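I have a structure I would like to understand better, so I am pasting it below and will then ask my questions one at a time.
We just call them A, B, C and D in the order they show up, numbering each chain from 1.
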Amino acid sequence: MLKLKNVDVLYGKFMAVKQVSINVKKGEIVALIGSNGAGKSSLLKAVSGLCSSVKGELIFEDQDLKSYKCHDRVCEGIIHVPEGRKLFPRLTVMENLQMGAYSKKARSSSKETLAKIFQIFPRLEERKNQLAYSLSGGEQQMCAIGRGLMSLPKLLLLDEPSLGLAPNLVKLVFDTVKAINKEGITILLAEQNSTMSLKYSDRFYILESGNMVNEQSKDSLASDADIKKKYFGLA
Amino acid sequence: MFLQNLVNGIFVGAMYGLTASGLSLIFGVLNIVNFAHGEFIMIGMYITYFAGALLGVNPILSVLISVPVMLILGVLVERFLINRIINSSDMAQIFLTVGLGLVLSNLALIFIGGNYYSVRVGYATESLKLGSLLIGKASFLTFIVTVITFIVVSMMLKYTFIGKAIRATSQDRTTAQLMGVNTGFIYTVAFGLGMVLVAISAALLTIMFPVYPNIGNHFVVICFVIVVLGGLGSLPGALVGGVIVGVIEILCGYYFSMGWKDVVPFLVLIICLLVRPQGIFGTRT
Amino acid sequence: MKKIWLTVLAALLAVSLAGCGGSNKAETTEGNQGDGGGDIKLGVILPLSGNLALLGNEIMDAINIAADMKNKSGGINGKKIVTERADAPDPNAGSTQANRLVNTENIKMLMGTYSSGIAAASVPVAMRANATYVEVNAVADEITGQGYKYIWRNVATASMMGSNASKFAAEYIAPKLNLTPEKLKVAIIHEDSSWGTSVSNGVRTKAEEYNLNIVCDESYSSKSTDLSPLILKMTKAKPDVVIASSYIADAILLQKQAKQFDFRPKAWIGTSAGHALGDYAGSLGQDAEGIFVSDLPGIVSDNGLDKDAAQLKQEFLTAWKASHETVPSGVTFGAFCGAWTFFNDVLPQCKTFDAEEIRNIYLGLDIELGSLPDGTGVKYGQNGQNERATIVVEQWQNGALVAVWPDNYAAAQPASLPLPAYK
Amino acid sequence: MRDKKVCIIILAYTVLMIAISLVGNNFLLDMVVLTGLWAFAAQAWNIAGGYSGQFSLGHCAFFGIGAYTSSILYCNTGLSPWVGMLIGGVIAAIVAAVYSGICNKLKGHFFALATLALGQIMYIASVQLTSITKGSVGINIPFKPGFLNMIFNSRATYAYIILTFVLLLTLFTYFIQKSKYGYFLYAIRDNERAAISLGVRGLQLKMGSFAVSAFFTAIAGTFYAQYILFIDPDSLLVLFLAVQMAIIAIIGGTGSYLGPLLGSVILIPLSMLLRAKINFVSGLDNLIYGLILMAVVLFLPDGLLPFILKIFKNRTGKKAMEKYPKGELNLDAKV
């Protein structure tokens, strides 16, 4: 579904991502794992179109993504839930969700989608008239994911969904991600929390200071003790 | 007398609020301090004046002409100038609009001349009597139009899809992009809308003020103060900020000194920045 | 190494820019004066852009009309007068422009300046270069009397303008209202720039001399967006007469808001500038009727003029109306007369056009009152101030500003005293 | 003199001084003086605006403080402007430090608007405090030439003085830029929070740089007063003046000691020549000036200096650009 080949991402003269190639198949949960500054976010931004100076191939459903502007990629079915939630602070929860359904395609069926999202996140319905900045961290994350889902995405890019959340909430978020995935939405996840990602993802890529170190599936990991130790703290 | 001054202050404040609203919207959404705001007011006033002088149109009705003209002007300015420096430094943005202001006011001087033109309408100098209270019809009209404009624009921002997109973009332009908002288009819309507000306020200003190439200088600094005071891009903030400045200024002028009254807005601004740097209605980021 | 080159380049650029600028100018202008051939060049420093552009440009036009009239009648002993426009919207520019005209364009005769602040910066430059400076508008008292030898001001000073307003109030209005001057309640209001401040000083000093009862004395910024507190203050003080020194936008706003708040003194005296401009009456219509203006004489009665002056006035007005919608105000008339005197009475007597020579000619001039189109005459004091400069009181009557006081200039009788209630 | 660049700067200065002694034309000297004055003022502005990222639109306040302090002292007590200049500078520095402290939390546009307010307050105060400032009538400084009076018959003398000022300030800025303080200031400008977390004393440095900037701006004000010999609120304390200082620095290129010099060398003669030559239609000179401003901002948003350096780079094949720390002009600052 999504194919990245030899992708570089540049900020001015600084190269945040170097020659990374990844592949996401339909229906998968794929995790990008690496420490802070490894280039995970930059890679997601390259996919969603937030970074403009990207070299290499970006193919989404057989189309060259680079010819699409950021806002057009949403129409094509890619939605990016950014790091730190980035809700619109002085919009209500409801309005935030409606902003998710901004693209023409999603707008027409936004009512039904909204009902579905309230089913997944009942808390959001309770708080729908509250301004977003007054939500708690977990609620904000739910709202951000809900907002992403409002666009009826084929591919959901999740950047650090567990950042700054209490452990029980982290589990809740990942459970939700799994549930969403079951609905047929492909997920590309960037996470520092490697244990959780490992548990919930089908495959993962390891990034280190902009370079891709390794690609693994869950099953193949068992045989690679080095990686296990270095990135997952497992003996 | 106190009541009379208070009422005058509120009316002046409403005028300030309306005059600053266009600037506020543009500042809020595009994050650009438009130093050509005064010159845009000047253009709006000239349109109103010429509509009156050549076509006999009442200043209020002249908005039917000035709104579309200013809207088009706004779209053109945004597309061809502002758009290109949206990611430049703050200072570069300021100087583009400083340059634009210079160009516009001198174009007016060259092509229209330095004369002071006024529209003459009866209600400019008439008053309504409420007991001992005198309410200038023009001020009252300005107040009503301000309130209506603010309600309409606020509703538009609140309930329409594009309005929500404008608000979302002003709060977080990157994320708005991620949600599929074509922010470039939103900038154009917001700038155009800001110019519509300028056109409306300019039409009302023409009732009381003569128009000449530098008339914008009378208003532009006070508009900056109000925008910061009210909070970036907040229309209710602009109105409240305007009224606060207006009331304090008028009371100071009456009870203290006319000469010093103009210092009031700046003192209020500094105090506000100290206590609430995000403005009355602004959000802390 | 790049920086070396850059610095050297910057230095070279500065020097070469300086060099080439100098050489080509020097070629074109040198030897233009006093050698029998060519034109007579006159530098005119005025605020042609910026806030003061309206009157700056009107004055420029008046000076040009005077020059054209003189040129058409044969010029100065066969030579043409050519004016070099120099835009000086602020004092800094005034200094620079005076310097350029005197030192680069080699023009030793300057005229200007309308704004006293700009004059304060440009006159000293001219004086240091021993150039003649004919001041046709700026009214600040300080321009003359600084010990400068080559400054010549034909128009009255700010203090004369102001004190005349008080004098009119005390000597004419008070008796008409059956009040003694001590009983006459006066409000003095003025915009707070240099001009309004110095005029109001004249108003105040004279008012105190006459023992007028000053009940309100306020300054305000001419860029004020609302003057209601001032109007309300005056409403409370109940003055019989308001003496206002305003620019135009604020003068219009004052009058509009006075009507809004039903503030109607028995008489309203403006001083020159805003109150005297055609755009003032144009903006206010009926509401300008009856307003007095203490001003340099503008269109005065032909009774006070000799035959030549009356004819010259007509010629000037005809030329003016060809390109302007409004009639010239006293300030513009003053400029025309100052320029005309210079072209007609000074320059033809010149041989060297040297400042000292011009000084002698100026000091020798003795032109009776009524010999110039605005009814003034010429007799300069050692300090360069025209002692026959006059101030009159005019009044807006039927949309036109007519001289009403003193009697020898009056083209009409003062009317609407006290001012009728608003309609 | 081990430092090559310092040698070059001094060499350029010497060349200019000699050049001036050969120029007899007063208009050109006036141009040199004003270019020098504005180069000095813009260089001073740049210490706050370019180095520590405090974009001030209120520097006219300090310019005015300098001019008024020295002129009032000179006219009333006869105190030499050379001394008055330093007193004015110190007063301006104190006001600046306090104000910078007050506005410490404000960023970008908000800081600019807050400083704009300072300029406006000073304007109104100088108009209203007539007993001190003579109000809007202004102060005429009597023309009494003499070194102690800082008044000279010859414009060349003014040119020598202001160029020496420019030289000293440029060297000062150059050494600041090279010192650790320079790096601290860049750090604060580019990411204040990070800089502070690394132990840079942000507030003190910002207040300090603003005060130093104001000090020199006030000196420019004194020089202006002694050159024009007339000061009033309308020529000292207007927004245009504050904008002008910033424009020169920005057009030239902020963040380097050469930018303000370049900006002034281009803009001041340009505006003077426009005003002198384009005089047949009122306002046309300002119109063209405005167009040029817009063009520079649109096409060279980083200022002229990087542009010129780029030409050099292409010519010489060396990476001249990299030597100049990029200002607040990078795109990330906005995101």
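We take it that contacts are C-beta pairs under 8 Å (C-beta built on N, C-alpha and C of every residue); 3 or more make two chains touch, one makes a residue touch a chain.
Listed by chain with UniProt protein names: A = Branched-chain amino acid transport ATP-binding protein LivF; B = Branched-chain amino acid transport system permease protein LivH; C = Leucine-specific transport system; D = Branched-chain amino acid transport system permease protein LivM.
What you see is a predicted model; the values in this text were computed from it and never measured.
The interface holding more C-beta pairs in contact, when B-C is weighed against C-D, is C-D. Taking the mean Cα position of each chain as its centre, A sits at the greatest distance from chain D. Chain A and chain C have centres, each the mean of its CA atoms, that are 73 Å apart. For this pair, chain C with chain D, the centres built from the Cα atoms lie 35 Å apart.
Centroids of chain A and chain D (each the mean of its C-alpha atoms) stand 49 Å apart. Residue positions 106, 109, 114, 174, 213, 257, 259, 262 of chain B each touch two or more of the other chains.
Across the assembly, chain D contributes 124, 127-128, 282-283, 286, 331 as residues in contact with two or more other chains. Taken residue by residue, chain C touches two or more other chains at 49, 53, 56-57, 192, 221, whereas all remaining positions touch fewer. The part of chain B that touches chain D in the complex is made up of residues 27, 31, 33, 81, 84-85, 87-92, 94-96, 98-103, 105-107, 109-110, 114, 174, 213, 221, 224-225, 228, 257, 259-260, 262-263, 266-267, 269-270, 273-274, 277.
Chain C meets chain B in the complex at residues 49-51, 53-57, 192, 218-221, 223-230, 232-233, 236, 248-249, 252-253, 256-257, 259-262, 277, 279, 282-285, 287, 325-326, 422.
Every residue of chain C that touches chain D in the complex is listed here, in rising order: 2-8, 10-11, 13-15, 17-19, 21-22, 25-26, 48-49, 53, 56-57, 60, 84-87, 90-93, 95-97, 99-100, 102-104, 116-117, 120-121, 124, 128-129, 140, 142, 146, 192-194, 197-198, 221. Residues 1, 4-5, 8, 12, 15-16, 106, 109, 113-118, 120, 124-127, 134, 136, 138-139, 208-210, 212-215, 217-219, 222, 246, 249-251, 253-254, 257-259, 261-262 of chain B are the ones that touch chain C when the two sit in their complex. Considering their complex, residues 4-5, 8-9, 11-12, 15-16, 19, 23, 25-28, 30-32, 34-35, 124, 127-128, 130, 135-138, 140, 143, 153, 155, 224, 228-230, 232, 234-235, 238, 258, 261-262, 265, 269, 272-273, 275-276, 279-280, 282-283, 285-286, 308-309, 312, 316, 318, 320, 323 of chain D touch chain C.
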